[in-house]
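Below are two complexes that have chain A in common, paired first with chain B and then with chain C.
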Partner chain A sequence: MPVTVKTFATSGEAAAALSSDRGARYLGGGTLVMRALNEGDIAISTIVRASDHALMRIDAAGSRVTIGAGVTFAKIIAERDLAFLHAPARSIGGPAVRNMGTVGGNLFASSPYGDFTVALLALDATVAVQSGLGAREVGIEEFLQSRERQAGLVLSISCQKPASADAFRYRKITRIKPKGGSVITLAAHLPTSSGRIVGARIALGSMAPTQLRAKSAERALEGRPLDATTISAAAAAATEGTSPTDNALASAWYRREIVGVHLRRLLSGQE
Partner chain B sequence: MLELRKDIFADERDDNLKEIGKGTQRQDMLGHVTGTSTYFDDHKLQGMLHLKTVRSTHSHARLRRIDTTDAERSPGVRRIIRGADVPRNLNTLLSLINFGIDDEPSLAVDKVRYKGEPIVAVVADSPREAYEAMARIRIDYEALPSVFDVEEALKPGAPVVNETYPKNTFTYYDKYDHQKLRFGDVERGFGEADHVLEQRYQMSPIEHAPTETNGSIAAPDTNGRYVVYTSTQALFFSVDTCAKILDVPSNTFHFIGGTVGGGFGGKVDTITEPLAILGAMLTGRPVRYMLGREEEMQYGPPRGAERIYIKDGVMRDGRVVARKVRAYFDSGAYTRLSSYAAVKCAAHLPGPYTIPNVYGDVYCVFTNRTPATAMRGFGVTAMDFAIECQMDKLANLVGMDPMEFRILNAYRDGDMKAHRREAKNTALIECVQVAAEKSKWPLRDQFKRASSRKDGGGSRAVIPPTPRDADAQRAAALQQRTTYDRAPAAAVREAPPASQPSPPPPPRPQAPSHGAARFSSVFGTRRR
Partner chain C sequence: MSKSALQFLHNGREVAIFVDGGTSLLVTLRELIGDMTPKFGCDQGGCGACSVLIDGELHLACLTLAETVSGRAVETLDGLKDGPNLHPLQRAFADNFAAQCGYCTPGMLMAAKALLDRNPSPTRADVVEAISGNICRCTGYEPIISAVLVAAAGGRTRA
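This part shows the complex of A and B:
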């Protein structure tokens, strides 16, 4: 059966088409879906696209930013108001992939990909999803836990801008620079209030089938100043709750060994 | 700026070349930068069909049952090809030069020996329809114990990977399970050495990762011939391989090569052409068979992995007096070209150094891994890596500068190599000197003055008494004797062995018929 391509003018129609057809997949930049099709994934029978301009919108003027699901990483890098997201956007693929790959698609990229989502997870982003029942906002953590069962279309993501450049940190460990797949990816959001961390968020990529929060490490930081003792405690707790797997880039053992090392470096601001 | 030392390399290069420093264009560059280079996949023929293969999900398993009835009814399917449809479903690449026994089927029949081995080919109107039909093929496997480690594979009781070679080793000259090199007495060398260092080196397989994956398009031509557009990097080799597998004269094919989108040794195995042509023969339509990226990465042949043990004896003054090497080439499940890699490796020992006692055992081993093939200096690259690591460690052990250590041990013109051939045109000393100079690495005067053309030969040209292996008392196989084996008479000081060997037989008379006998310095004289 040949693959059918359906293009809709609005995201609502596209979402309805996705909800009604199990074999339908939404095509954003195509870096995941076209690869799957080229490699012979016969589970995909319909490709759904939407030409809705709302999906391409960036609203970054205020303290809360909203990024359309169809925004590419190249667009993010070109947007001055999204400076805090430039490092994660730049860490994805090469220029060709960044020109095509989208923020929405990255939410569905499984390990060792999906690095941008690690950053969004640390930023406590919310995901706007349009389904047959209408649009709703879901916390990113909840979204990731149920992403395989998601019916509908991601419209946008939004998050609070970090208070300072230092409050949000991101690092992707790769074997090939600058565009290798992730050995591990780390992001940390460290808001401070009178010298103490309040609402610490640490997110990890390639440490489990989906991106996850390192909650024990977050607890080790919470309410404390970011000093050597705190950093050591957080680094020691980094592996808790993780379940990395072996792949061609690294073994599960290696990932567990290095995640604390890199978290320590990230938190202490080392290169 | 590099310079050619004319005092050393007087006859090595035409002095009138005027290419360096000029903007000379590569002949294929214009096509590449304008995107007009033609690759095999740029041919879209009318009515072209697409071939895909169902691959083994097991590393080692018996094939109990293959059910394609459902797939045959799948929309768009033109033909399902099974092993029984392949005219000669057993081949080994180097059989074209009479080296090795046919051991690899185009499509597996009774057994699969590595994960990803092709079992059934589906020819359909579109790639999609081929994939859909593949999902409807049922294969019953009976999993067998598998072996992935070269040394495990050599142990008694190890699973037999490839029944053609029941000992899991390639057979050289119809009887030997490895390549042997013996020169002098290493055990005595170790006994006399001030230090002995033994190390283990393990390589990994390396994927060629070509931009263009392996593939070909075959189309029926007039007068019963087939035109084949292919990515092969060894066109005539591929023609003959296909002629053999499909059991037709090679002039049945018109192979058209051209731009290879990255080869590096990964496109000599002729893994797509036979099935593409067979598909065209069976359907009367053009057939395209191209590996996907994942197929290329997972099942396209890589550079083989080697395990190497080196044991060296070194004197306090830095002379390496004995080197014993055991190397295991992981050929994967079938031979492809690793048999030849082991020959090259043995021929390379002990590296570019004059060492009076050398002992080498090089094995080509079968395991349940993807068959390995050629890649950029295969057989030598890994061994060199091990040898040079070893040289650094030895230099450190005796407290010598690593560059000077190499100059001290480097072979020189007139020296006797471990293969009983005189070293000629050697230049390692000069290479090290230039490398030191360019990197501002200080060398002491005596090493700056050393030369490949001085102080070689003499006692360094002597073939030392070489004890025979206990199991090798019989006369060497006929094929191993070549006219090259006779060392210069003056230099030979070989002690009379326990039993007088028969003199080397005279060279065989050249057989009159075409191709009846072939001579190769590597393989010896072999009858077709």
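This part shows the complex of A and C:
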């Protein structure tokens, strides 16, 4: 069924168009919206686009980075100052998908997709959203809980760079290499102070319909040195609060069985 | 739901057509322009059979909204050959038995071209990564990887 395509010069106009039309969807790289259209999703009646260059901007020079919602994964891999995000970006799709898929769109990708968002969740990112009421910053956790009801347009995401390369870890478990859908995806941000972990954040993908934090595992790490006892306690708590489902890549049972194993490997720095 | 005018370069030739809103580049190329070289596989971005180059970058035509290529250069397999002469990549695919049923081949060739345009001396790992979004159900990939490496080596010899 043909749909109406509306292209705006500014993100503000695009956000207003999205807010006023229930059947409108924003088209970023196309890897979600075009899929839905090709499948015959009749809920989409209007496609909204914005040619606003601000959506393509990367500001990564300082300790806090801001990435426009329209930035593709290929652009992230090409940006030296975003080295900590190269592994999550590289884990997505093949080269064509990375040339198309965007950071903003990934926030709306449900399980088993949305791997980049797992990394952003561990990094405690904030999401800038433009709605009819103006622009506001939302914590990524709050954003993910209400993403289906979001009216407006994601402008950018921002997060603090990890203190060291070792403080941020990411792993996507797939059945096929190098490209494959996620069996589970894990990311951990482990800032330390005087040899103890302070403000641990662990995020999981494909362990629930939406990316989520493993808060019990985080509590097991908090204030402790990253030793074998702490890692075992965190691994044992990894499944708490999760609700994985069966799909073609793995069963819910299998996901529950392996998440602790892979969290242990991630925290121990094992390959 | 009116049609919108669309102009872009298709293998170096300017085309001007009208498309329905929401039409993919794949449908535009195959049904409106008659270029059957990008294949219709999954229509979901999972198989890579419709891979084309947009301004030199590898994209999936099935997930590209036609309107987004306005004013841009789209390259398909149809533009690869030079008259009756096969492109070195096509020659290498033929010589190394890199095609069996042939359905994935146009996408594989475009993914390989995107790689060699950027990196004329790829390693085997580079080739594996470059075609990682393209599914082949016949060859087991090994002959395809060899063909791309042979084409790259030939390109270096010619240069």
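Observations
The definition used in the following text is that the second predicted complex is superposed on the first by the 270 of 271 C-alpha atoms of A that agree within 3 Å, B and C clash if a C-alpha of one lies under 4 Å from a C-alpha of the other, contacts with A are read in each partner's own complex, and residues count from 1 in each chain.
Note that a contact is a pair of C-beta atoms (placed from the backbone, for glycine too) under 8 Å apart; a residue touches a chain by one contact, two chains touch by 3 or more.
Since the structure is predicted, the reported quantities are computational estimates derived from the model, not experimental observations.
In the superposed model, A:Pro225 lies in contact with neither chain B nor chain C.
In the superposition on chain A, A:Met34 makes contact with chain C only, not with chain B. In the superposition on chain A, A:Gly93 contacts chain C only, with no contact to chain B.
After overlaying the two complexes on the shared chain, residue contacts for A:Gly269 are found with neither chain B nor chain C. When the shared chain is aligned, chain B comes close enough to touch A:Ile42, but chain C does not.
Contact with both chain B and chain C is seen for A:Pro2 once the two complexes are overlaid on the shared chain. Touch counts on chain A: comparing chain C and chain B, the chain ahead is C. Legend: residue contacts after superposition of the two complexes on their common chain; A:Pro209 is shown touching neither chain B nor chain C. After overlaying the two complexes on the shared chain, residue contacts for A:Pro178 are found with chain C alone; chain B is out of touch.
Chain A uses residues 1-3, 38-39 to touch chain B in one structure and chain C in the other.
Across the complex, chain A is touched by residues 1, 4, 20-24, 43-45, 48, 51, 57-60, 62-65, 67-68, 111, 114-115, 128-134 of chain C.
Interface of chain B with chain A (complex): residues 52, 75, 126-129, 131-132, 134-135, 292-294. Residue ranges of chain A in contact with chain B, taken from their complex: 1-3, 38-40, 42. Residues of chain A touching chain C in their complex: 1-5, 7, 27, 29-31, 34-35, 37-39, 44, 47, 49, 74, 93-97, 99-100, 178-179.
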